[in-house]
Amino acid sequence: MKKLINNPTHVVDEMIEGYVKAFPKHVKLLPENKRSIVTAKETRPEKVGVLIGGGSGHEPAFMGYVGDGMADGVAVGNIFASPPPDPILEVTKEIDKGAGVVYIYGNYAGDVMNFGMAAELADLEYGTNIGTVLVTDDVASAPKEEKEKRRGIAGEFFVTKAAGAAADKGYSLDDVVSVAKKANEYTRTMGVGLTPCSLPQTGKPSFELEANEMEIGLGHHGEPGIEKGELQPADRVADRLVQEILNDMPIGSGEKVAVLVNGLGSTTQMELYIMFRRVEQILSEKGIEIHRSYVGSYSTSLEMGGCSVTITKLDDELMELVDYPADCPMYVQR
Amino acid sequence: MKKLINNPTHVVDEMIEGYVKAFPKHVKLLPENKRSIVTAKETRPEKVGVLIGGGSGHEPAFMGYVGDGMADGVAVGNIFASPPPDPILEVTKEIDKGAGVVYIYGNYAGDVMNFGMAAELADLEYGTNIGTVLVTDDVASAPKEEKEKRRGIAGEFFVTKAAGAAADKGYSLDDVVSVAKKANEYTRTMGVGLTPCSLPQTGKPSFELEANEMEIGLGHHGEPGIEKGELQPADRVADRLVQEILNDMPIGSGEKVAVLVNGLGSTTQMELYIMFRRVEQILSEKGIEIHRSYVGSYSTSLEMGGCSVTITKLDDELMELVDYPADCPMYVQR
Amino acid sequence: MKFSAVDLKIFLKNVVEVMEDNKEYLSELDRKLGDGDHGVTMSIGWQAIDEKLNEELVAEEDCGKICITTGRTFLSAVGSSVGPLYATGFLRGAKVFQNKTELTGEDLKDFWVAFIEGIKERGGAEVGDKTMIDTLYPALESLKSNFEKEQDFVNAFTESVAAAHKGMESTKDLLSKRGRSSRLGERSLGNQDPGATSAYLILETFLTTINSVQTV
Amino acid sequence: MKFSAVDLKIFLKNVVEVMEDNKEYLSELDRKLGDGDHGVTMSIGWQAIDEKLNEELVAEEDCGKICITTGRTFLSAVGSSVGPLYATGFLRGAKVFQNKTELTGEDLKDFWVAFIEGIKERGGAEVGDKTMIDTLYPALESLKSNFEKEQDFVNAFTESVAAAHKGMESTKDLLSKRGRSSRLGERSLGNQDPGATSAYLILETFLTTINSVQTV
């Protein structure tokens, strides 16, 4: 494990320090916790607040997605660990403009408990209305019958995008929550891992794969996936990922989708575009129209190698929200 | 070497195919060469054309930087190899709107010859006025007295940004060339390598470093650097890189700069922000004001590990150009 | 038996040390089933508690306040899955110790009952889900029934730790149903749950602490 | 001696094979001094030429046209540093062969003189810069002077290849001054230049080709 760091214990704090120094016009750190970041821009009174968060190590998720048209604030946890309620509460208080706050996070035991506690406390202490949207896009993480048990991975980008745009357009709390839930309902992700990452504090690889192996359905934190096997050509990998998604969420000819081919950390753009090429071929053979594409590292697992494919079905409302502009330090859309 | 590819021989063509399919509203492929990409948007008559290019394997550079406020077209070479004159010529012809075309590329023997031949042919065959700007930001690549021998690395981003914005603002060919040359003159980069990349076709690591070693000044294609040594804490590495830059190009207190902390491929955003944190500390101690920061993978070397620091001094003109909006598939600025 | 605020702080100090010693081991268990950070998380949390023990808790005599600070500190330092779980344990236990500087065997029993029930309530896991509950719940049942019989905390707790050990070991043969390893199915078999392990370490450390304190 | 268009194409086919055989070796040399792609680049370029040889050049009798196609194909396929260099070599040489279907020893000599001078002009490198010029220029000088003496191309070219070999080997002891390895300074010592090596392979292949063609 070779990393450009100072002290493994301080990586998250130093990263955050660097981040807010790099984008002072976009984001600011709140005073109490060193893990609470909010937009530096004035937000409109009566705008629903959008709060995201989770463990760190997924950059640009989640802290990179604070800004116009996306989230108003983020609570940053330790690497691969939910933030505690304190920073979540601090952000909540700051971004509540009287219309309530929606919490969007991946469906992990730790996040559910910490954000759950924060939501209760926010209601109790500040009387803030909290809406909650759990992201459950990871097809590999539970069978279809137990969809509510699935975890959130790269698809959280689309759920945040929908909620952020909706809030910016003046949706009410309930409406932001419903549209974000719809985005989650319409989103599926399947990933493949090739090489592990390692936590700065242990230096140990998060999983082991042979030199010629890949793992389908590998978790966002190196949690074991559903199938190990020999590394296949990119086209065959794309076939498999897309097939799993379409089996789980059939999409008809003529329907519109947004696609995200996401790198897990150390995968080159070259590989991601080669993957996208095949994803596009499959979808267009089926008459499915790609309305908007995203290719890049949108949600990583430190320096893990591999990628995921996310497909979101778009109805008219979601299409408008996906097309809505955004301006965050790590993601801008015009 | 584990890569999500099909056939090593086709990686560049398949990448380009995926790219133009992903962003059909932004870019299009020209018919003759499969390596000529231009903006899909109508460009204004009498706008100076901005042409970039070089070897592939540096994504998002260079093909990701075609779009409003940046380049009008790109010629894509094989991995780490200059494109031949053909695609350069094809792009030139397409983007010449009567005001000439400026070629911006890194100062490598291959690029100089191929773009040079293309420039001659463009003049001969289409009577296009060609301006040429060689990027020479890599401090490690030659001593100060031989600055004209230096190679171009991540700083090409700023030179392209300045030229693209200037062209969009209606500068003449000569003026685009001068301001791009000024941007190059005011830009310095120093890099550090931690882990090698490997060409898909050889599968061999581009260089060798021990588990605890880093290499200062390592080239953009794995060319050996100026000093191998034990891996230092991020702050010490940042100190070294910034010091080399400031020794080469003194910057006074009160001056303004743009900073790019660039990942070489597999380096996490977390590490880049930890590096940025220290860069910011050093500059602010010296009273140098960071006007705008860029942190991320802007110019890579496949999956190489490590990063570079680029500093561009800003006068009023360059500041305006750096702040100018841009809308490219792999880089958007509002 | 008597157990003072000083003893309570010795216990906490001992846990700090045990978690440091087992940091690698707990992370290794978690690499097999989850994201590999359990040892790191426990270490971060207990190091933060250690700081409190060395500063604002040095003169603290109220066992309830000690437990509140412990729980809050742990939660704020780690978040994660175990943050809310162990924090809830300490905060529920704190109610039992409120305003007390010396604790009886009954207090200690009530503390652990509240501690474990709090965790169960917070996480919603059942015995057999392959979590720390597999360690904690058998310990709770053993503690309750044995204490009822003999009213001897040390004996009852000794039994309780034995039950915890069995419970911890039982997680090897369980399919994961909660937390990060729940999708593992068959592949989770054969691996001991990291949270079940850290929970056992906490109980065991309490036992060695009361034994060492008693013999003084 | 006589050298026909067919022989010329045999030579080109032989180079295709030699470059395939040396792909790994040339890349390995370039990994030490540059970006590790020289073998890959040569292979891509010569494979593209091979395609032309198997298709549109099958019936081509004009040695000039064969060389033009070779040069253009190489350049379009690879770009890189060596694209313009070797392409210029073939395009300059093509002028010598224009409209000829049979070549004399004099033609062949003039071809290689034009080939090498073209490369030198294109790249601007001098002997001692640690490039392919260190192979090519001694070959050129040897070829010129020996051909002038004896008017025997085969003998003169045999000498020339020997000079090329010496020149190639001399690059081991040179400091890099051109191309990707120029910043290496002292560290470039001891490594043979990849372009000097591929240039030698081309000359050597021409020698073996004329020898095999002659003995037929």
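The first chain written gets the first letter, and so on, giving A, B, C and D; residue counts start at 1 in each chain.
In the analysis below, a residue touches a chain if its C-beta (ideal position, glycine included) is under 8 Å from a C-beta of that chain, and two chains touch if they have at least 3 such contacts.
Keep in mind the model is a prediction, meaning the values are calculated, not measured.
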Partner chains that chain A and chain B have in common: none
Centroid distance [mean C-alpha coordinates] between chain C and chain B, Å: 54
Between chain B and chain D, centroid-to-centroid distance (C-alpha), Å: 32
Chain pairs in mutual contact under the definition given at the outset: A-B, A-C, B-D
Touching residues on chain B, where the partner in the complex is chain A: 2-7, 11-12, 14-19, 21-23, 56-57, 59-60, 64, 192, 194-195, 211-212, 214, 231, 233-235, 237, 265-278, 280, 293, 295-297, 300, 302-303, 305-307, 325, 327, 330, 332-334
Residues of chain A defined as touching chain C within the complex: 9, 33, 55, 77-86, 108-110, 113-114, 117, 140-142, 149, 151, 199, 201-202, 204, 206-207, 217, 219, 221-224, 226
Chain A-facing residues of chain C, complex: 24, 27-28, 31, 33-37, 39-41, 44, 75-85, 122-123, 178-184, 187
